[in-house]
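Each of the two complexes below includes subunit A, the first together with subunit B, the second together with subunit C.
For the complex of A and B:
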């Protein structure tokens, strides 16, 4: 349990009546209630006996408003007469709101909360969770991610990725204000030695990145060839060096790794989640994964740091059925990413409560947003039957302004569990208050062609104008051109607010 | 003491006449039994969320709870505060749509 807790997520203490009820009856009432719970397809859980019988006050025959079912004697009362029922029957204090499956104390005349009750309700709800059709289809596709090979020279994949990184404002600020300290960099003996390297001594990649930044932003109009940077990078990533063609996403990840490696020894940090190197300060976020046991309702929550979000493409449903064009949106992909997914019976996870492997439901959400959000669209499909992979050429619509609030852990958990208390137990400070949840796109990497051979192009958005960066050629374009292309990676920057 | 001879007859406790269900009650029961009421509720919920009505109500409740203090507010309080404002601010288009649905249900159920 965390030492400091955000007050809005603290479990309220039970009222004396609830505490007494629990002492006398324990969990019997909750378990016998489970049999009568019914979950609608929308996810609302209610008491499901014959509705015309239930929704009628025993005292006044009122049929409108809220009804409370006494946990002891199953008498139904309206909100006006609940207190009367408790008054005339001592011990009959605790009731359940019939339409919402929430606890009510008739004596306090207010809603009360009990984590064990919520767990009992949730277990019933999980069993009824509709099996997402996509998850069964996607499972066939989710084999080894295949990478895109790229165009003419090795550079295009790097070039596209690098163009995006060059225009990531926080990275640009960091390197241009010489935070890396080239002068003092222990590996930075480049001033005296350019290409000749003592064997075994790797050039400092961060110095070269800084070099690229200063050349690019120097204002000089001559074309710039980042040969030094490329050489440096090949030295570090020998597995990716050579004339082999590269995948932009791999490049991005490897760049961040290298920058992190260079800076990390100088900074004290406890791990990638808390790392203060520039790469992680800019791109690192935290993902939350909740795995709920379908049998006992016990949920285990884990937090993992991440530098980007890899999204499956939303399977297309054309908006009009006669329209054959496939339209999927970024929001749709994010919905898919954060949807609760029933794990298949071949993926049973160990439940600490039951102490065996059980069927479970997993849900992802974003606990902490990074300063710069990088989305990676998984455009490959691997067919196990035919043992081939192919690229999915579907247009993905993305907004220029994006609000990530609905995908944060606080929103996702609240939507799934409603007022259920237990979901937030042990949760530390509300991390969403640190950052704004609104983002603006500033760079997009697109890919055209096939899996084995294709071409990357980067589009940059500067001061509301889009520029197309195609290897050595930079042209101004309209936003229509950007929207019509097939995005592979998207970079969003947090809007300044707080 | 003289007992009043005009005393009204003692009402027989068991003889409570079954009240004739009103038209409204009949319609309500038919709606529930056919499952139409649940569909209408879902439709209504969807429309009210879409038009931002629910967010408005949430904001009103939050403001009220903040003013009164978190521990001094009960569900009943909130219901009494919010109900008149809520009823008044339902958009006309939503009312019209639901009325239309109920009408077509009634004609199909031949009441």
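For the complex of A and C:
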């Protein structure tokens, strides 16, 4: 078992029988088999219907169980008699599992691996499956309606979100090293008026953000009330209803939006992946969405930028128990997020290959990880029938150390095609050297209470000590308290990043 | 799963059981084959680390089942050696009207003062949306505080951070 996790495969050594087979027969067996491989639209490869392939064991004549096709003489044996075939025919050690197109050594009675075989399988798949097309345009998407919307909560939502943003290292560095250039910010100059607005000229929110950073990190111990900031922000966000409705997640998204607007006002860029404003450099990642036709296997791929991941809570019965299987976990939610999802028959999508609407399967994966990963847990449940909404109080376990490797597009796509030893085009670009897939949590926003009246608390980690930020109260807490809290948003920072 | 043990094992139920067992075996071998490959090729997840995290979380939850720290924290002295009153008492001058307001009451005052609150607002929802559409320049990330919660099944896993339609055709769905 490999001790380190790496994106590339570990090439296992062949058993002596496989080595001998290769030496004697080379690639002949694989090539002749290639013609008979069939790939299902799901990506799974099996041996298709051969005229001579009768699914019946040559030894016992039963039609039950797994069948193995000898690579040399094409004899079919069942799992009970594969060894017998190898025994009575010296050299006939290597067979192929008919259902999975996997090499099987009858003498070792074990599955074995050969990169050349995998390449043969993959080449066949690539040729056979309708060519998938990728489009990198930014798709218009319905905004995800999963915040604490109506009636939420309090201005504390602002506070909690702000606490997390203030301690996001790259953001802090950017604003404290005056990259925003408050002195020169033209908008800032007009803010000498105390009240009322210069017509049309909004105060610069980024200046106020920088102001907040300065105050907070000034070393002063008294609590800071960001009155100016609130005023600025509400000036900008005329669409927000006001005091009653500040959800922490909305605040986060809105803040990033404002920072982006300020820094890239004329940019017409279509992809946030290209944007170099500080908000996007820190938080922006790219999601990949594959929609596969269930009939022909044609896959349509789209890339969308994102600044956070909103996750559905894993369904799990509400019984609190110490049994591990009952706990909802972040990785479980991520598994759910990247799981292939059958789209309902009322949502048939147009398949370009079949040229009709077909049932499809959709799968999400992460094409590019951001520097800081923000998770948002959808704790808001809206029942259309009853027209009520409620908060889901289920606890979510989250790791302090998170490896996002299994959720990257490279891993997901590779898994879809049977994890064959094969370099996928685009694999290398997924894992560019400056980004690792390992993350460490540094801030957590929790919400307690109900939808209409709740309270946010932020936990921050600074130099291995956790602090609880509850409005103006900052106290030290242990790790355990953070782990046990009911999280709403989590911020992870890349380990060993630049 | 063993064959039915109702004592009366008819050939039909035996056959059915065998059929079921075959199916089950097939599924098990499938999963085993897949996991075997993942393990051999070094693609598996670091289960030890994951289990360790899980164990720590369970431990923490057992030790602190109710967030009892919540109740206490407001009465203690914080890390700066300060205690704070329940309502922040610093006084600010409102930027809109100039009156002195206590910090703890600042947000509700500002809301009414700026005419933003639900009760204070005079404009209708749709005109606010129309105004916002024109004033917002950024196509990139958007948030929709009033988005209607009718999820399309198509994108339950989508994110709010993606580029998207602003406010689409959502009615102001508030009771």
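To be clear about the criterion, the second predicted complex is superposed on the first by the 304 of 498 C-alpha atoms of A that agree within 3 Å, B and C clash if a C-alpha of one lies under 4 Å from a C-alpha of the other, contacts with A are read in each partner's own complex, and residues count from 1 in each chain.
Quick note on the criterion: a contact is a pair of C-beta atoms (placed from the backbone, for glycine too) under 8 Å apart; a residue touches a chain by one contact, two chains touch by 3 or more.
It should be emphasised that the depicted structure is a prediction, and the values quoted were computed from it without experimental measurement.
In the superposition on chain A, A:406 makes contact with subunit C only, while subunit B stays out of contact range. By the document's definition of touching, of the two partners only subunit C reaches A:249; subunit B does not. Judged by the touch definition given at the top, the superposed model places A:109 against subunit B, while subunit C stays out of reach. Look at A:395: by the touch rule set out above, it reaches subunit C but stays clear of subunit B. When the shared chain is aligned, no partner comes close enough to touch A:90: not subunit B, not subunit C.
In the superposition on chain A, the chain among subunit B and subunit C reaching more residues of subunit A is C. In the superposed model, A:40 lies in contact with subunit B only, and not with subunit C.
Contacts of subunit A with subunit B, set against its contacts with subunit C after fitting on chain A, overlap at residues 66, 79, 111.
Of all residues in subunit B, those touching subunit A in their complex are 25, 28-29, 32-33, 37-38, 42, 74-76, 79.
Remark: subunit C residues 22, 25-26, 29-30, 33-34, 36-46, 49-50, 53-54, 56-65, 67, 69-70, 73-74, 76, 78-82, 84, 88, 90, 92-98, 103, 106-108, 110-111, 114, 116-118, 120-121, 128-129, 131-132, 135-168, 173-175 touch subunit A in the complex. For subunit A in complex with subunit B, the touching residues are 40, 42, 51-52, 55, 63, 66, 79, 104, 108-111.
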